[in-house]
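In the two complexes below, chain A is the common chain; its partner is chain B in one and chain C in the other.
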Partner chain A sequence: MLDLAYISAFSGLRSIGDGRGVIARERRGIAIATVMARKGQGTALAAAVKEHFDINLPLGPHGSGSVSTSFLGTGPGRWLVTHDAGTPRFVERLAQQLEGLASVVDQSDGVGLLRLTGPALLDVLAKGVAVDLNTTAFPAGSVAVTQIAHMGVTLWKVDETPTFHIAIARSMAGSFLHWLEASAAVTGLVADG
Partner chain B sequence: MSISRRLASGGLIDRSRPLNFTFDGKTYGGYAGDTLASALLANDTMLVGRSFKYHRPRGIFSAGPEEPNALVTLRSGPRAEPNTKATTIELFDGLKASSQNCWPSPQFDLRAVHQLAGPLLNAGFYYKTFMWPAAFWEKFYEPAIRASAGLGALSGLDDPDTYEKSHAFCDLLVIGAGPAGLAAALAAGRAGARVILAEEDFVLGGRLLGDTAQIDGVSAASWAALAEAELGTLPNVRILKRTAVFGAYDGEYGAIERVSDHLQVPPPFVPRQRLWKIVARQCVLAAGAQERPLVFPGNDRPGIMLASALRTYANRFGVTPGRRIAIFTTSDYGWRSAFELQKAGAEIAVVVDARAEVSPEVRKLAGNAPQFLGAHVSDTSGYRRLTGITITDSAGKTRRVAVDTLGVSGGWSPSIGIATHLGGKGSWAEEQSAFLCDERPPGMQIAGAAAAQWTLAQALENGALAGAKAASQVGLGLQAQKSIVASDEASGATPMWLFKGSRRKAFVDLQNDVTATDVALAAQEGFRSVEQLKRYTTLGMATDQGKTSNVNGLAILAGEIRKTIAETGATRARPPHVPVAIGAFAGLHSGKHFKPTRLTSSHAASAALNATFVEAGQWMRAQWFNAPGENDWLTSVTREVKAVRSTVGICDVSTLGKIALCGSDVGTFLDRVYINTFSTLPVGKVRYGVMLREDGFVMDDGTTAHLTADHWVMTTTTVNAGKVMQHLEYCHQVLWPELDVQTVSVTEQWAQVAVAGPKSRDLLQALLGDAFDVSNEAFPYLACAEFHVGNIPLRLFRVSFSGELAYEIAVPAGYGEALFNALMQAGKPLGVTPYGTEALSVMRIEKGHVAGSELNGQTVARDLGLGRMMSAKKDYIGRTMAAREALVDSNRPTLVGLRPVDRSHRLRNGALLFARDVTPAPDTNAGFITSTAFSPDHNHWIGLGLLARGPERHGEIIRAWDPVRSGDYELEVVDPVFVDAEGARLRA
Partner chain C sequence: MRIPCPYCGSRDSSEFSYSGDATLTRPTPDNADAMFDYVYLRDNPVGLHREYWYHAAGCHAWLKVTRNVSTHEVIEAVLAHDEAAS
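Right after this comes the complex of A and B.
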């Protein structure tokens, strides 16, 4: 029986510098899927999402979620769904639940996920993100599909602490960490867990 | 021991923090709060360099970023920074600086002989003097000119420091923290606006720092400190010191923050400089104004300075640059400077005003100093330091006064450069004797001296109004503003552009050694537009961009061509307003971090197997694996190919683009983007496809698998993955939005490994056991399947690039490394060999498969031997254009196989192909070699090429001509498929 060990995208995450300006934790074991509305099924899809997850499907660059599942608007008719309750084969189940209404494509391994927080976070993110992340322009729940240091990222503000979740293509995890370390070390980057 | 010119008290320096520094190897002392210029002046060091063309001794001229003379090289070794203005260098302990453009020293410069050649070095001398003979241009004149002119030199060493970028967003960007800028920031900040206040200097205050005026009952400098303290308490205000805004762009401003330039070495993790992109809804340009010098004979001697700079050195730095100071002015400010200098304890020897009438209140400012009205300075003396001036009075009588310092004041030029970056231009306002800017970037106001609001009271009021207006523009309520009370001052000025006198040179541009005579000569020779004048004479070029010379230059030009200044106009200022290091624009992206690097999941495992990696786009791929004892790449690659052809090899192919296509109309969609038909492809099958650009040329190729009814997965070449994804999105969103198709990249989701060779099936069986039946019957050539082993989803494709029995197996990328290792483990008994992109390439060339070298953007499907795939039963992108006459010409170079007649000969890519009996020439060229490889199967080099009428010429001997690498040899044209032409191995 084939038994393969799993390596997460950000296994190279480490602390650097003095201080606790940014605290980073890799979100492991999260099921991630791209959900794309089928032609003409937007309304029915929203109803199905409401029914199965009690979530109002966001129709813009926002996230909405229940305890374990979040739908993040990443484009017209397109969402990034994350699920952190460890339900086996969650993406397959989601595809069945939304059968005929949306195409569901597994991305659980395609992106690495980080949870970032800390007092220096906004200053550090400003070194890469050309989007105004201030509360007035980017309140909690906002989602941006943008780039950091020439790498595509999806980031969403979870709360006003502030806490951000950020998704980066797996193959670029090393280059992303280079940017994060170079940008956050001055105020201290703490790898948490 | 040099004389100290430091005043006993006063100034904004911190006398409790003495600092040591070195200039040209000599050690001096200064204080925290000094600039290099103020510290040098305090040590009675005025002469700091030599001029650009004539190598004339030059001294410190200003106290700010407009400095034309005092350019030094800061630091040494890899951190050396040439052309740095001593007037803006913040002094730090251990600072080392050296003079430039002189040898051996600024005191004694051998190149000063250039002054003797002065008559030859006038405007346009390059074009006039170095004309004949033409053979000397490149070999003699240019090297000679370059060696003797120019400023500082780069170290040529790698910069050890880092640079970074940052983004900021605000309601209001205030550029400049002088009186107007501070007032604007306070007004908008108090109203609740998000404000960024950017100041180039390391202390806020601008002219307030050099002034003894009173504001709200306290000294100007104290008021600036109080304003800074209040701004610091406002959470919506951010102060960026040492930050120069250098450009206005569409809705954005560029700024450079000199984070560590005032430190010996940046602390750990701190960049030297930070490049800011500031997105501002409103902007107040409060960059102040620059005092204009006066143009008169001998006006460049060390000791002749801007009068306002003298005032700044006295009040801000507690330094009097000279013993006996004269003032030459055409404005009330000159008198004010005389007053302030006297107050600080300096001796004013004489005040010369070119205006015939000056009000008694202003004249009182000079105290007991002798005064001359309607007079001018007509000559100066002294070589390394000014020793005296000659005054010509209103009656034409001359007298000489011994002074070591002369302050000049010709009125003020508003600093409006940034306001003109989006295409506006300054226009001459006669009343204010200044260029003002009406056409500004959207959302920008100009306040204070930059808007010719000359007096302190005007600047403060004007700035506060601008700040309040900006706040209301972004929807914030108007706040009642506290009025700011400042002491009154006179601001009369009458510009006078050129004073005649002795035959000495009267300099307009000190940095470029452009004289009034040069300007006149340019006008006489027909260079009558300001832009022509600038380029012909170099007036206003280089590091100071003519901040002290432009207005004087064009005013003199106007006089020469008998036009008004308004008619003559000004040159256009373009970004950057101040010099910005290239390293700051690169930020973190230098060296191997120039672009992000993408690593496959088997990267570490491959490295452990001694892989040599190669860049493929942003990816790093294993190129070959060094086995023990191997020390040349061809040995390794040949071994890998032989292993695949005889047993089994594995190769990470995750980097190929993978695109999921979902929806009920994917078949139709693919029919339209590929030249061949896909709608008929059953579930569980893979097909090779070719897609064209709109113009009919081949864009990319790859396989697409039909996984389930509504789910397909396309592969693209590694390099074109992004382009194909973009193309598909365009096709769907723009051309055929009616189709039920959804696309998303899954390149990152799946780690995919090619398993190739006659034993590949055995290897997969060993790996998968009973989980999946890989027999030829159950899983024939071009089959695909998706299944689970435990909770791990797997995808299997029976495709082959090598021409052998082969599969590609995919798992979610988190399991990628484990899969690679499991294949190595399971394949041990079979002799499994990892292979890299070189072996992959050898095998595809042997098999006659086209790749990047053939899909070069200039080939159509027929050229690649793929013409038969072009369906006649359907329409697809590129179909019509591919039918153009030139693209169906039977003479087009078409894919062939090539082998050397002399089998020992090495083939090289790019060699040109000719018929055997023709002379190589462009019109006899019949094609070229696209790909070459040493074929272990044939034991000689083989190649693929594009040859005119190729398929008809199999068996013909042709000539390969490779003049670049001295190659000229014969080739036999053969079928491009060198191994297993029948394809039996694929289907085994």
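Right after this comes the complex of A and C.
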């Protein structure tokens, strides 16, 4: 099978403004897949995920993960899976492991991932996200599928620094950066790597 | 107006698309008159109503929302899938 050349989704990411309000870094080389439970296979799927990954499959909008693999709840019977240990053919293997229990679709080349942190991050996200992202309503581990400036995003809180990971269709990456630059310019946006 | 999605939590109505009256039952296809009524004739009720809403920009679930169409107060939202299964 042919390996395609890797092209960054967020090569246009650059620092803007003064200050370090928001620090953004592209997460590269991550295997990404959507997993949708087949009809009536929810319990068996949870058991298989437990067996293969030692992960308790989240039933709500939360993330659950091991060191390198995360299952993020994005809807009833739907998950976004990320894997950052560089295992070759991770998604292919995942599809085999969940054969008959879930539909697994490789999104590695279709979704761009950003890691966002910084002291002004919540204020900047509030300009685009109509969901309460503060600790009480949205503790670390929470996942939200929503939209920013009409662009569909999946975002999850990694820790209370706060650090967020955000997934966007890569065809929207340029428009998303435009929104991020415009929204974070006043506090300063730092492209970190 | 905000809709309390049973999966995602409270979300702005702009994330949803309205998908019709949830009190109707689809007639059998051979009953042409009943099908005509079902497809084309809409009631315009006052007060409490049940509607289908699709969470297009969120979890992609179909909801049955109980709503006061006069005041826009949203009383309840359940997953249509769960209700169909029960």
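We adopt the following convention: the second predicted complex is superposed on the first by the 189 of 193 C-alpha atoms of A that agree within 3 Å, B and C clash if a C-alpha of one lies under 4 Å from a C-alpha of the other, contacts with A are read in each partner's own complex, and residues count from 1 in each chain.
Everything that follows uses one rule, which is that contacts are C-beta pairs under 8 Å (C-beta built on N, C-alpha and C of every residue); 3 or more make two chains touch, one makes a residue touch a chain.
Because the structure is a prediction, the values reported are computed rather than measured.
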Original post:
With the two structures laid over each other on chain A, which partner does A:105 touch: chain B (first), chain C (second), both, or neither?
Top reply: first
Original post:
Can A:146 be said to touch chain B (first), chain C (second), both, or neither?
Top reply: second
Original post:
When the two structures are overlaid on chain A, which partner does A:7 contact: first (chain B), second (chain C), both, or neither?
Top reply: first
Original post:
Is A:130 contacted by the first partner chain B, the second partner chain C, both or neither?
Top reply: both
Original post:
Between chain B (first) and chain C (second), which does A:74 come into contact with in this model arrangement: first, second, both, or neither?
Top reply: second
**OP:** Give one of first, second, both or neither to describe whether A:60 is in contact with chain B, with chain C, with both, or with none.
**Re:** second
**OP:** State whether A:163 touches chain B only (first), chain C only (second), both chains, or neither.
**Re:** neither
Subject >> Footprint overlap on chain A, where chain B in one structure and chain C in the other make contact >> reply: 130-131, 137
Subject >> Parts of chain A lying in touch with chain C, wherever the complex brings them together >> reply: 60-61, 74-76, 78, 130-131, 137, 144-147, 152
Original post:
Inside the complex, what are the residues of chain C that reach chain A?
Top reply: 7-9, 11-12, 14-15, 55, 57-61, 79, 81
**OP:** Enumerate the contact residues on chain A facing chain B in the complex.
**Re:** 1-9, 16-17, 34, 36-40, 88-89, 103, 105-111, 123, 126-127, 129-132, 134, 136-137, 149-151, 169-176, 178-179, 182-183, 185-186
Subject >> chain B - residues contacting chain A, complex >> reply: 162, 164-169, 194, 268-270, 277, 279, 588-589, 593, 595-601, 618-619, 660, 662-665, 710-711, 738-742, 744-751, 767-769, 771, 789-793, 811-819, 822
